[in-house]
Amino acid sequence: MEIFYSILPELIRIVVCAVCGAVIVFGNALVMGYAERKLAGHIMLRPGPMEVGPHGIYQLVVDGLKLMGKQLVVPAKADPLLFRFAPLLAFAPVFVPLLVIPFSSKLQGFDLDIGLLVILALASINLLAVLIGGWSSNNKYSLFGAFRAVSQNVAYEIPMLLSLLSIIFMTNTFSLKAVVAAQSPVWFIVIQPLAFLIYLVSIVAETNRAPFDLPEAESELTAGFHTEYSGMSFSLFVLGEYANMFIVSSVATVFFLGGSSGIPLPYFEYSGIIWFMLKVYTLMFFLVWIRWTYPRTRFDQLMNFCWKYLIPFALVNLLITVVMVKLL
Amino acid sequence: MDINKVKKQWQELSTAVEDIDYAVSGYDYSVCLERDKVRDFAAMMLDEGFYLVDLMAVHVTPAIEVVYQFAHFETRCRVMARAFVDDQVEISTISDIYQGANWHERETRDFHGVVFVGHPYLEPLILAEEDVDLKPLLKEEAKLQDVDAVRRQPPEPAPEPKAKPEPKPEAKPEAVKSQEQS
Amino acid sequence: MKSYFSELFTGAWSLILGLKVTIKALFSPIVTYQYPREKLVVTPNYRGHIDLVKDAETGAHKCITCGSCMRECPSDCIFLDGEKREGVKGKALTIFTLNFTKCSLCGACVEVCPTDALDYSNEYELAGFTREEFHYDLLKRVEERE
Amino acid sequence: MSMDIEVLEDSRHHRYVLNMGPQHPSTHGVLRVLLELEGEYAMELLPVLGYGHRCHEKIAEFKPAKSFMPNTARMDYLGALIYNQGFAQLLEKAAGIEVPERVEYIRVMASELNRIQSHLLWYGAYLLDLGAFTPIMYAFDDREHILDILEDVTGSRLTYCYFRVGGVSKDIDDKFVTSTRAFIDRLRSRFPMYEDLVNGNVILQKRLIDVGELTPHICARYGITGPMLRGTGVAYDLRRAEPYSIYSEFDFEIPTETKGDCMASFLVRFREMEQSLRIIEQALDRLPEGPIMAAKVPKKLKIPAGDYNSSVEAPRGELSYYLVSDGSDVPYRLKVRTPSYSNLSVVPEMCQGMLLSDVVSAMGSLDLVIPEIDR
């Protein structure tokens, strides 16, 4: 019993964090789903969702209900177990990275020493889900999507890591809180603009969004890896995508944009979280903006860009960082 | 492209070369071919830089007539080459010379049942597979015309210049045994 | 090496130009209409299905049952018939139906009509559940019209 | 269809067949292409046609020739007026009907508007194929103005049946003139925006340059015409090569490129819109007064026996009507040579060994309209 009481605060903390994580994931999906459609609409000179509620703000709720009501179709020759498992695998791991993200100096689930590693490790699981989903669908288009996703993600993880590594060399820690703390006078985007750009390009590829949305390229592969998915199993992939966008944008905020630091707002103690969210959603707006501007790249060009431009630049950047760190 | 040179070559290959009034008919030359000269003719046309506009069949008696339409990229020279199919409704293919003819020949096979000997893949293109023997554009007995009935008739009353045709087409006395429906 | 960098910079610049266009569009007014709630004014020249014209003076249609439109129609979608009546010159129209499912809106019937008895209607919201909904009885329509 | 997928997969183990269409986002209608793939490379392609066959040529043999006019619009729903033009011209030639000058001007203007409209739709749809979602809405925004102008004149928005044998069905008014002039200014001012958003975009250029290269010789062998041919450097445009209507009176350029790849035909089409605007502008300036119908058009249009051909430059290339008449008013045989048909037939050769993504962009650059292929 004493053991129970001793771990009780920790248990409550875990439960609260998990609930908060779920709220963030679903809330983010609602906000982003609506914002993306609205922004896409206005970029295309049309209003976007307008029918359900004022300016269509309940559209996503209605869509969610519709998706829940839909039949989950499993193709005849698909692998039924893996086919059903893949969406869960895409969705489940997105909660854990949220635990280590410092939303403000006080609001953080766990300040782990290996915070960044946790995020990167779990973010990669999403890729496995795409592969399993694409493969188990027994559809050639899905398979193509899965293959493309794997090679693209593996390739783009390298420049992403290299760009983050140059920050790690400067701060000597994987703890996200410490990284934020290290940016007290100037944000790292000022010191490491190149690393920020490389990271930005990489996360577009990592989250499989246009112009790098090759795994789902609808004009080529109909819908890529989720061609055969319907109803909730499809929406779990979408939820996973938005959650991943949130996580990679949070990492960018933490590593380059000073995390929750900002001018303290009057009469509000936790102004950090507002600054943090503002930065995260600015980055996400950027992701939406470029998605609705550019055509899709071709696969070999995508890889060429990674190997010819991003990785050399990231390596040079890292090298310069290391030398500078040693000298100063 | 030297038109006189080309015309000389046509005359060697064909039975008749006719100058047509472009203002009335919309093409310049009409060439009648023997069916065994079709391939030579096509090869010659490709050498001279003509492109294949169209390939079609017209169902007339005594035999189905296959019409090849050529035109030239540089000069205005639109040519209709005609050849009749043989008793087996066969004619040799030109799809290895003009690859564009491939689909036209398949279509003609669909619609008229003309067999193009040597065609690499003479399967139904426009029609469905089960309609192989439908041949929808073959005329029924009552409507079938003789080849002379669909040729340009020489103006009978007065030899008018063809460039300025009479605006009243009914006025032209065409001795055509027309059996059209009203 | 030079082309390597110049390609990078021209490419990046072209991407920025694209972003400029879309961000401008984002803050431009929308150009679409929310259709069932807002309706555009359809031009009076719009050619919907045909209708019999109501003569402003007599209040009746102008059809003389000559049947030109029926003959001219390339798709055989018009059917009309008339009967001999006392006191009426020629035939009086008894039935005039249009099978709109077959109509290709070519306008041949309107142009051939000797008395200008036919005109295009301006209806464009045409949706139905059965084909029979588009078998219009034009005679009835002209009588019911104001 | 007759190519048995199972057998093919069996016989060449390392290859497999991908069935693209008839319902695929980038085949623009009911086209089906069987791709034999090795990895993502298309080693062999087999287009399967005929899903939209509506027997137009058979229908033509059953009714008076001039009743075929509405059918022409249904073949190519994007170039309906130009198809109208070709057919009207064919019958006018055959029956020897002189067309009033005003009619020719109206026809030219309407046809050129139609051509711009078609190119704008292609522009948007092609970029949709390439994964850019926004340009199609901008292109449709512009296209809507053309549709409004043409609707006001012709009465329909897509499948126009406006031209008649010997004239047009309705005269244009001042509203047409002012709104067309306004549209010309508008579209001109929009071109720089398109240049910035799309034409100069590095991703687009990488997707299109060196993809699907053609040569004039390949074009001759396949009978490829239109912007694809002009992309190879051959300035062949029927409006110039065989001037029909009154095109010889207008001053316009034939845009050409030399490379023959997708980018070349892309740019050719883009510039053609500008040239069409020029033609319309000149036609508006010179628009004469006069009747809109030839004086003597017989009610029963008997066509003298013989064969007639009429070729016009459709948005996608050369459109030819070939009519064989036995002297009655019903065509004995009517053959329609549609440009997309010949253009599409090059796909098996053009796309051989291409990446799947390139197949999509190469097919998109053909500007396919499937109903015109299937007829």
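By written order: A, B, C and D. Residues from 1 in each chain.
One rule holds for everything that comes next: a contact is a pair of C-beta atoms (placed from the backbone, for glycine too) under 8 Å apart; a residue touches a chain by one contact, two chains touch by 3 or more.
Only a predicted model underlies this, so the values are computations on that prediction, with no experimental measurement involved.
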> With respect to inter-chain C-beta contacts, which pair, C-D or B-D, contains the greater number?
Replying inline: B-D
> Using mean CA coordinates as chain centres, what's the chain A-chain B distance in Å?
Replying inline: 64
> Roughly how far is chain B from chain D, going centre to centre by Cα mean, in whole Å?
Replying inline: 24
> Taking each chain's centre as the mean position of its Cα atoms, how many Å separate chain A from chain D?
Replying inline: 44
>> Residues touching two or more other chains, restricted to chain C: which are they?
In response: 15, 18, 21-22, 25, 31
> When you check chain D against every other chain, which residues touch at least two of them?
Replying inline: 134, 138, 141, 197-198, 201, 203
>> Going by the contact rule already set, what residues in chain B reach two or more other chains?
In response: none
> Which of line, ring, star, complete or other matches the graph of chains that touch?
Replying inline: other
>> If we use the touch criterion from the header, which chain pairs count as touching?
In response: A-C, A-D, B-D, C-D
> Which of the residues in chain A come into contact with chain D in the complex?
Replying inline: 40, 43-46, 140-141, 144, 210-211, 213, 217-222, 292-301
> Inside the complex, what are the residues of chain C that reach chain D?
Replying inline: 7, 10-12, 14-15, 17-18, 20-22, 25, 31, 43, 45-47, 72, 74-75, 104-108, 111, 120
> Touching chain C in the complex: which residues of chain A?
Replying inline: 39, 41-47, 50, 289-290, 292-294, 308-309
>> Please output the residues of chain B touching chain D within their complex, sorted ascending.
In response: 22-27, 46, 49-54, 56, 58-59, 67, 69, 71, 73-74, 76, 78, 80, 97-100, 102-103, 111, 123-129, 136-137, 145, 149-153, 165-170, 172, 174, 176, 178, 180-181
> Can you name the residues of chain D that touch chain B in the complex?
Replying inline: 1-2, 49-50, 53, 55, 57-58, 61, 90, 93-98, 216, 219-225, 229, 234, 236, 241-242, 296, 298, 300-311, 318, 320, 322, 324-330, 332-333, 335, 337, 341-342, 345-346, 349, 374-375
